[in-house]
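Each of the next two complexes has subunit A plus one more chain, namely subunit B in the first and subunit C in the second.
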Partner chain A sequence: MRGKLLVGVVVLWAVAVVGGMAMLADYKYRPGARADEQPLWPADSKLARGRAVPTLVMFAHPKCTCTRASLTELAELMAEARGNVRAHVVFMKPSEQDGDWAHSDTWDQAREIRGVEVSIDVDAAEAHRFGAQTSGQVVLYGVDGRLLYAGGITSARGHVGTSIGHRRLLALLTHRATDAHTGNVYGCALAEREKDAPR
Partner chain B sequence: MTGPDTDGAVVARRAHEIFAGRFDANVKRVDRMFIYLMAAQWLCAIALALWFSPYAWEGRIKTTHVHVLAAVVLGGLLSGMPIFLALVRPGAIGTRFVIAAAQMLWSGLLIHLMGGRIETHFHVFGSLAFLAFYRDWRVLVPATVVVAADHVVRQVFWPESVFGVLTPEAWRFLEHAFWVVFEDVFLVLSCLAGVKEMRGAAEQQARIEVSERREKELASTIQTSILPRTLAVEGLDVAAVMATATEVGGDYYEVLPVADGCWIGIGDVAGHGLPAGLVMLQTQSAVGALVGQDPTASPDHVLCGVNRVLYENIRKRLHHDEHVTMSLMRYHRDGRVVFAGAHEDIVVWRAATGTCETIATPGTWLGMTSDIRRATVNTACQLHPDDVMLLYTDGVTEAMDGKREQFGLARLCASLEEVARGTVEQIRDHLLARVRAWSPEQVDDITILVARYRDVDAVRVTTPRRSVPRFTAQSALDAI
Partner chain C sequence: MSNAFVNVTVAEFSCVALHDGGSIRASLKGNADGAAIDALASLLAQVHVEAARLGASETVVDLRELEFMNSSCLKRFVTWISNIQALDGSARYRVKFLSNPTMHWQKRSLHALRSFADDLVTVEA
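Right after this comes the complex of A and B.
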């Protein structure tokens, strides 16, 4: 009787563990809100666009720990692109917060990436111009100002490693592809969602 | 006597017992190791989550990150059940199967918490090696199944997370599983080799044990067989028993009939086991030789001779430190008893009064020094018709009950008085039963010798009771 009870407890444990792992996986692999893609470089953007090379912009929440993986992938991409891209990492900051609020470990991580310009985006105004809603959102515009890629650069929330987005960006930057692409993005929301807004 | 085939079966059975015991001890030891590992992994996971990803953000709003909840709750589940089973069912195969599955799931959780860093994947291979400590290749099966199942599920639902593409080939998960199986092959071979080595060591140990046991049995058979076969003494009813605590005891008693009475000896070699038994044999031989050479000698003279033999053999030749406490007495038909040598007090139950009196035995130990003449004196006492003389070793008076209280001389005298008017056999059996009831777990040799003085005309012949099989000519031949 005790043996059967123990087996039952172990089975329940197994179900709970598998369920927990599934919930964790669901969280990790559930994409954030996609960008409201802008087919052309927003005219009112304060960011400088490359005239000779494509321009890549990553929008980031300075406190989002998932964005570390996005920056790790960006660093690798920049090395692979060999200077054939102009890159910005734009950190949002609420206007009521002081400047140090955005100076997080991800800020330092972004500044260490060679060839990347790091800036603060007060109240995510620049993100709004590009339609970005999720930290880690990457947009790539060609020299003609047309959108080439909009999406993430990781395969899951805070998960380093090869991803479709990374490979598409690399293909575009090395002229092995020219078609525009979109992809999923994984990370924290750049701004509070309205209660009725669809996720 | 057991033959080689029977010995082989005994060795095989004992080897199996030893192997099973050691295997069980090993898996329980590894179970305990996993208790600590599981607890450590849980604490590490919580620390990692709190350090690297304490909060998730939505604009200005922060909430506790799912990693923290996963580390606390899911990590608690992953470690809790293995720890519980290792505590309540250590050594059970189901316990290590659950531990194996949980350990591989821990790899998955840690990889999640560490953001998929490639270095964290080494946890998988380290865990497999850790599981091999069980020396039970079967635990690698659930571990490998968990890893393969994880990859199959990911390939179906989240292929990009593990393969970096949305439509991997159907066999792709096998590539990852292959490297796990690759390590499994070496670990399984290692487990099998470890088990083979354990079996070999167990068989070797079993052979040694069986050999030692047979040697002890042989020595015990010889020792108990040289005890006096008959206790026929003119004017004296004698009954005796010697119950050894181990196969070979250190107790000694002797009854050697001579003209006009007999020689009686009782002694105890310090310690027991084979060395004490060998000293006892030497003592018996020396007493027999010296008394046989001069039956009219005085006890102190014989005792000094025995001491010289023991000192020469034990101290000078064997370089051992055993010694003997012994009283040697000469009984005369007229009831006179002359004795020498230090041992337990002699108890004499007086028929006239129905009470016991105790007689001290002054002297010193045998085998400690080369000359004990100054410390060895003769003492005399007189037995009257129907008086009972009781000789015993310290295994009687020092037998302890559960509260560590000794049986003691007073209790022995009281027990003797209860049955002193019975036959010497009844007295012997009654005293032995009382001691064993007092101390069911015998830790020392027990020897009891009861002698009742009769008129010279009333001679009885009795046989001693033995607590071990009798030594016969046939058994001696078998032993050799």
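Right after this comes the complex of A and C.
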């Protein structure tokens, strides 16, 4: 009897472990909502566009911890691009929140990236203009205002390392051919509010 | 509409292109969503060929009854205008959009198109 009970407990434990790992994997590798890609730089955007070099914009939720990895990748990309890009990181902030709400650790991380302009996007107005829906969404526009890339820059939520998006962006910034102009985005929804944002 | 060289209806989208004297006029109606992409691309390709054949100086695109256009369809317009930009100076033709100011999406999208090619694109409300 005790033997059967022990076997039952072990089976339940194994199911729980495997199930939990599967849930974690699903969370980590499930992409966020794709952007409604805007083929041209939105004419009503308040962000400055580069006239001599392409312009990259990353949209971020300040409470999304997965975005740390996207910013780490962006820092590397900026170094690799060697000044051949104008870059913005735009942190959404609900209008009902005070000014410090967006000043999270990822805000500080973005401010430390050389060559990146960091700004607050009240009620995600800019994100809406560019069709961005997920924290970590990157868009790259050419000097003529045409969309060159829309997607993420990591291979999973919170994962630092080689990714298809990073490789494609680097190719575009270094005038090399790329196999595609989109990629998955891994992060939290930009529309999430502080109360339900991930910790 | 005997001088129409394109007359297509797909789902909730319809488009007609016709010769209008020495120029070309295209009218789009309904809902230009995913189902309309191929029809729109075909329309613009044929308009481009006809404009070149006629040596037209202007093409009019009437969007006043177009209720919605998604970004994939807008991309087809970007491609079309890029193709016009790629022509030699004398072969280029202007594009005049007739818009409906009550449709907010038209204001944004057409503003972006005009910014992209302000020497070729005009927008009339």
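Convention: the second predicted complex is superposed on the first by the 186 of 199 C-alpha atoms of A that agree within 3 Å, B and C clash if a C-alpha of one lies under 4 Å from a C-alpha of the other, contacts with A are read in each partner's own complex, and residues count from 1 in each chain.
We take it that contacts are C-beta pairs under 8 Å (C-beta built on N, C-alpha and C of every residue); 3 or more make two chains touch, one makes a residue touch a chain.
Computed from a predicted structure; not experimentally measured.
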| item | value |
| --- | --- |
| Simultaneous placement of subunit C and subunit B on subunit A, clash or fit | fit |
| Residue contacts with subunit A in the superposition, subunit B compared against subunit C | B |
| First, second, both or neither for A:144, with subunit B first and subunit C second | second |
| Partner chain(s) touched by A:13 [first = subunit B, second = subunit C, both, neither] | first |
| Which of subunit B and subunit C A:131 touches, first, second, both or neither | second |
| Touched partner set for A:41, first subunit B, second subunit C, both or neither | second |
| Touched partner set for A:155, first subunit B, second subunit C, both or neither | first |
| After superposition on chain A, the shortest CA separation from subunit B to subunit C (Å) | 24 |
| Subunit A positions touched by subunit B in one structure and by subunit C in the second | none |
| Contacting residues of subunit C [partner subunit A, same complex] | 70-71, 74-75, 78, 82, 108, 111-116 |
| Touching residues (chain side subunit A, partner subunit B) in the complex | 6-7, 9-10, 13-14, 16-17, 20-21, 24-25, 27-29, 61, 63-66, 68-69, 92, 94, 124, 135, 155-156, 158-164, 167, 188-193 |
| Sites on subunit A touched by subunit C in the complex | 36-44, 129, 131, 144-146 |
| Subunit B residues within the subunit A interface of the complex | 52-62, 65-66, 70, 73-74, 77-78, 81, 85, 89, 94, 98, 101-102, 105, 108-109, 112, 115-118, 154, 157-158, 160-161, 164-166 |
